[in-house]
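Per-chain numbering from 1; labels A, B, C, D and E assigned in written order.
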Amino acid sequence: MSFWIDPINFVIAWLKGLLESWGLQPGLVTFVMYLIGAFVTTLLAMLLVVFLIWLERKLIGRVQDRLGPNRLGPWGIFQTFADMLKIFTKEHITPDGADGVAYNLAPVISVGAVLMVWAVIPFTATVVGVDFNAGVLYLMAVGALGEMGVILAGWGSNNKYAMLAAFRAVAQLISYEVPMVLALMIPVMFTGSMSLQALVKEQDIWFIFLAPVAALIFFISSIAEVGRTPFDLVESESELVSGFNIEYSGLKFGMFYVADFLHAFTISLLFAALYLGGWRGPGAEQYPMLGFVYFALKTAVVYFIGILMRASLPRFRIDQMMDLNWKYLTPLALVLVAATAVAGKIVPAEMAGLRLVVMLALNGIIFAAADRLMTRRRSARRQVAQAPRPVAHYVQPAPTDPGD
Amino acid sequence: MITGLQAFFLVNALITLFAAVKVVSSRKLVHAALWLVLALMGVAATFAMLGSRFFSVIQVFVYIGAIATLIIVAVMLTRNSMEDVGPQVNRGWWLPLVVVVLLFVGLVVVLSGWGDFGLSTRTVGAEGENVMELGKALVDPNGFVLPFEIASALLLGAMVAAIYLATDRKEGKR
Amino acid sequence: MNMDLLIWLIPLPPLLAFAAIVLFTNRSKALSHSLAIGAAGLSWLASMVVFFTAVGREELAKHPLGVDLKVNWLPLGDGAFKIGVQVDPLSAVILFFVAWTVLMIFVYSVGYHNFGQPAGDHDKPGLPPHGATVKVKGHGHQVPSVEPMYSRFFAMISLFAFGMFLLVVTDNLLTLYMAWEIMGLCSYLLIGFWYAKPSARDAAVKAFLTTRVGDMFMLLGMAALYKMTGTLNYQEILANPTVLEMLASQAAPVLGLSWAGLIGILIFMGTVGKSAQFPLHVWLPDAMEGPTPVSAMIHAATMVSAGVYLSIRFFPLISAGWDGGGALTPAMMTLAVVGAVTALFAATIAVAQNDIKRVLAYSTISQLGYMIAALGVGAYVAAAFHLVTHAFFKALLFLGSGSVIHGMEHGVLHTHQHIDPQDMQHMGGLRKKMPVTFWTFLAGGLALSGFPLVTAGFWSKDEILSGAFNGGHVWVFVILALAALLTAFYTARQITLTFLGQARSEAAEHASESRAVMTAPLVVLAFFAITAGWVGIPKAFPGLGGLVPNWFEEFVGEMLLVHGEAAHHSLVPLITSLVVALGGLALGWWVYRDVRAGQKDPLQKPLGPVYTLLQNKYYFDELYGATVVRFSRWVSEVFTDRWLDRGVIDGILHGIAAAGLWLGGVLRNGFDLPVINRFLGDTVVAGGTRKLGAETSKIQTGRLQQYMLMGLAVVLAASAIIYFFFVMA
Amino acid sequence: MLDDWLYLGIFTVISLFLPAAAITIAALLSPKKPDPLKTSIYECGMETVGETWIQFKPQYYVYALVYLVFDVETIFLYPWAVAYNQVGLFAVVEALLFIAILLGGLLYAWRKGALEWA
Amino acid sequence: MIPISWFLIFSAALFCIGLFGVLARKNTIGMLMGVELMLNAVNINLLAFWAYRYAGQMNGLVFVAIVFAAAAAEAAVGLALIISVYRRRTTVMADELNLMKG
């Protein structure tokens, strides 16, 4: 194995050989390797946030016709480090009557729940933390842990507004998990496995083409899961001071911040892996590192779209948000699963081209119908009662009389 | 000699049981709910040790994600009982305790009389359960299609009943 | 696709449509009828595929389609009762006309229920629409309004279609019975569709109960059949000479009949109810209370055909023991008598009716009697043939009459004249106003009266007549010929009164042609009313015979195990049918050629009391009212309620009560007060019990957990005991 | 099999450890000057009135409930989805029935007005 | 490897603790939590027997899935009942809900 073909595995193999040469037991070697792997992955993810914060500030600044951070280092790239230093040294204020364990555990769980997703993501054809055969459900389960973090934060702070906000946030999180689960079911159906690596490998045709509406649902609901614009009711920066994390300060608050950015990036990763073919691309099989690049590019595109949305869309009202979820996305996802299941059986997987066409058409039809229903429902609400119209069969349209 | 796995089992079991005890004895109901979450995590780990990845993950997803959340929400909704003054167990708590201990002893006695009690070889392989086979069995007309459909009917019934109960009748009419 | 599966799927779409309409699309009229028609269309398509496959098969009767795919239905002690489907020549031809007529009805209904019109001003669900006012340039116009329960109607006829298709394709009597009852239910619902009209309600109940009488007998027949043969599958009974012979040779304990005869007659009773044969015919004319042409059509062309279909299906059983030429079996005799009597009797009533639909209703009864009589004399193929042709032209006539009524209603709305739009007395001269309806109605009418050579009715009727004559059953032949004469007469009367001459009311002058969605089915059906006969021209027919192969006879005749002797074709029935058809038509036209408005029926004077008798349908309703209905009332009100319940049972109970009271008094004063209360009560027993109760009721704390605890403790103790004493031991 | 779990376990521990460590370090680094005003509950500058635990509306319960039902549905539908390529049309129809029944529940909640936020 | 007995005893202990919660806890929601613990113990048992003896068969897994569904339904309806009772009587304490007292 050459370094240039698959550097990550090369390093892994080298390390392994090194450890074994020290005379460690094979079990211990595995353990240490896992420890290193996990540590490196999580640390990289955490450090990535520093870059992401800078990137996002810069980009949003550009969108808003500002410069963004521009003082420290080239293009202000060290701004975040300065911020980090500041936040590291700020005082941790624990509010009166806070529930110590819950209060302190909440930020840890929030970050941990996002980091844990990284354990199952296939970065290249050969590098995947663990090719877990219930991977898709693992993602959802980890999401459930994130909810616990929010609840703990809200409850631990001993503040009624934090509590209220936490419950609003939890309502949002759990609501949007429903269409997400359903949207994820469609790739699983096509693949016949819940392992993320298998999902990526199955994507000879990207699932975004086979199931565009499912991809859209997944995208929308994952943005809602992150709680970014237009779903940032949890924070509502321009209206409220903050949400469930109002009583936090210093790095404990910083951790929620980190979790937010990391989560936003993680869902981009997931979207790229689940619907955009992950690391797949020309030559990615032979040169796994190339796959890493493809994956990073795809993720960047998705993340960029997320930032654009954040910069351009107004915020939903909470009832609109709930309506969107329960009265639009969830029924749509259910119907989509049903329709895709039937269509997939009628057009077998062997006829890939036909299947693609059929699926595209089906998605188009369903989306158009859903859109139409949605529009009609909305306009029906607004519609003023009209007088009954005459019937064409018996009544000729009256000729317009200019003298009238 | 205790292997690593066995040690992990013991630690996990102790944590789980401790959490369970806290669930039934915590003063604050919210604490009880949070301990319940921990106990459920322990059970999920136990599932994993038993070789069922699917149900291990599902345990976290459904029990912690949904049922625990539901319980916490319900606690919040009935909250005047939350600042729980006084004992949280009934006065005659020793009687259930005796019964329960008796039950436990009885169970252990009965179980230890079972021939396979010390069984330590598994039939499940390293790859864990086969979710695909489970899926096939669930929709196989000669398999479990009836439980499958009845489960959906059960969920529907639960949903309808719970919504009916939980929403205020005066406001709920439409 | 797999043909077996396809046959299974034929009845399914209407059922799904029914469910979908009832559950989901009830609000949307357009969606409801699209679903219903789409489903009927699918069934139609499948039926056509099956039909033409069946036509192309060799030896279809011996190896029907669809028999390979069966499912277990009822688990029995050993094995299971299997149900399945089969399409043999008979089912195939029935399927053909059912699919066509059902589709046509569905399409027609859209127009009939005024789809696309505004909702009525005062329309309520449960009443026919009364029309709506539309303003055009400030002037109010009355236009027909849409049926308020539009979707419901389509749901019901979809369910009905499901029943009919199921009945046709099934392979056993049990499923047939189920389909039969589904149709019974639908017919009840559809007759009583306008349930706010008392007459419709009564008619629905009447139809339901009357057919139930027949169904009861049929169920008995089924039970007997199952007991004797251990199966209800057609193939295993009707195509199995051993079974038939066994049934024919063993004597049943009733009236000296053989089992075959008894079961045949019992099952035939089902037909009598469903196909409205004498004496259970009374429900059918009243059934015209349903939404005019469509439900009438269901009750006249489709469902009643099911009754005849049953008899035709069971002809091998009914005729078991008959050698094809000699004396008729008792069951066949029953059929022949009932059929012939019904044919003549209903035809006479039809002559004196003025309601356009009632005429057709009685005509239907009469024609069904024809088929039954044909079966009775062994003219199996002729009966099936007439069933098919009749279905087409009677459907046509009913839809045509619906169209006429629709046109008249339009006139009534336009002129605000208060007349019955169904009464032929008020019509006349509609030929110009409603040309399509007229020409198609004419085609149907001529087919009904057996207009020679060109119409379908002629060929089938001629075959029945010749069957009766050549079989040597002259009395049947004479009665049927008379009925045919009357048929031609009242048909001519109807056409003349409705379409020819001058308009006899203002409304008739303003009648207008119906919409294309209504007339198009008429045209399609008219095509079949003319051409359906040409597939069954007898070989021996002078001149034409042999030009076209007698396909129908070859195809359906294959069904028979015992073939009748080759008919030596005689000219007598041919000439008779020519004479009666043409003569009746001419006579009818001549008598009614110029009836003026307000004039009485020209026949009223010469016939006198006979006419009144006919007009009142031989007072059958009154007769039943005075006997059967009154008897049942008496039984329930007087006998059961007053005598049995209140007299005997209450009397006994009251007696016991009084005796108990007396005994109680004696005991109380003599024993209880002194002995028990004084000595035991206050001291030992009651006091002790009270104390015990007070103690134990403490357990009853109302606390869930304590109950659970107690339950658990008991279970635990019991398990421990069981374990130690039984398992360990 | 256990290797997977080992990695996941290590990963979980580390991903919880890392933020915890960061917070601990920060806590050591940061100044500690508690002050009653600082540690009071934030309530837009007002004193906290009444208990912290305010009444919640049952809407939250309904959302959690519907979510629970759909969660449980995944237990049944995900194995079906995994087996989807291996089963016939009939199995798909069964699953459709399952979905339809659930959809019925959703529609009930909808009609009942339980999904309205207000 | 771990013998099956460990799992069985673990699950029996969990079951008994849950049962104690159901029997002794004053708060009805607390009782429900006890029920959840008991159901979890049941699931451990089911999976243990499945893993050690019947891994080839799907019965055990299907049973677990059904227990999940039943637990969900039980929690949903039970909590809704408690909420409904709370609205009427403003209490969720089992010992105060004694309308059925004899």
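One rule holds for everything that comes next: contacts are C-beta pairs under 8 Å (C-beta built on N, C-alpha and C of every residue); 3 or more make two chains touch, one makes a residue touch a chain.
These are the chains along with the protein names UniProt gives them: B = NADH-quinone oxidoreductase subunit J; D = NADH-quinone oxidoreductase subunit A; E = NADH-quinone oxidoreductase subunit K.
The shown structure was predicted, so the numbers you read here are calculated from the model rather than taken from an experiment.
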{"item": "Third chains touching both chain C and chain A", "value": "B"}
{"item": "Chains in simultaneous contact with chain B and chain D", "value": "A, E"}
{"item": "Chain pair with the higher count of C-beta pairs in contact (B-E, D-E)", "value": "B-E"}
{"item": "Farthest chain (mean CA position) relative to chain E", "value": "C"}
{"item": "Remotest chain, chain D as reference, centres from CA atoms", "value": "C"}
{"item": "Separation of chain A from chain B, taking each centre as the mean of its C-alpha atoms, in whole Å", "value": "29"}
{"item": "Centre-of-Cα separation between chain E and chain C, whole angstrom", "value": "56"}
{"item": "CA centroid of chain A to CA centroid of chain E, Å", "value": "34"}
{"item": "Distance from chain D to chain A - Cα centre to Cα centre, in angstrom", "value": "15"}
{"item": "Junction residues of chain C, two or more chains touched", "value": "705, 709, 712"}
{"item": "Of all residues in chain B, the ones touching two or more other chains", "value": "5, 51, 53-54, 58, 61-62, 65-67, 69-70, 73-74, 76-77, 90, 96, 99, 103, 125, 127-128, 131-134, 138, 151, 155, 158-159, 162-164, 166, 168"}
{"item": "Residue numbers of chain E (touch at least two other chains)", "value": "19, 23-24, 65, 68-69, 72, 75-76, 79-80, 83, 94-95"}
{"item": "Chain A-facing residues of chain B, complex", "value": "30, 34, 37, 53-54, 56-58, 60-61, 64-66, 68-69, 72-73, 76, 127-128, 131-132"}
{"item": "Chain E residues within the chain C interface of the complex", "value": "19, 22-24, 31, 94-95, 97-102"}
{"item": "Interfacial residue positions of chain B with respect to chain D in the complex", "value": "5, 48, 51, 53-54, 58, 61-62, 65-67, 69-70, 73-74, 76-77, 79, 82-83, 125-128, 131-136, 138-141, 145, 148-149, 151-153, 155-156, 158-160, 162-164, 166-168, 172, 174"}
{"item": "Chain C-facing residues of chain B, complex", "value": "90, 95-96, 99, 102-103, 106, 110"}
{"item": "Sites on chain D touched by chain E in the complex", "value": "58, 61, 65, 68-69, 71-72, 75-76"}
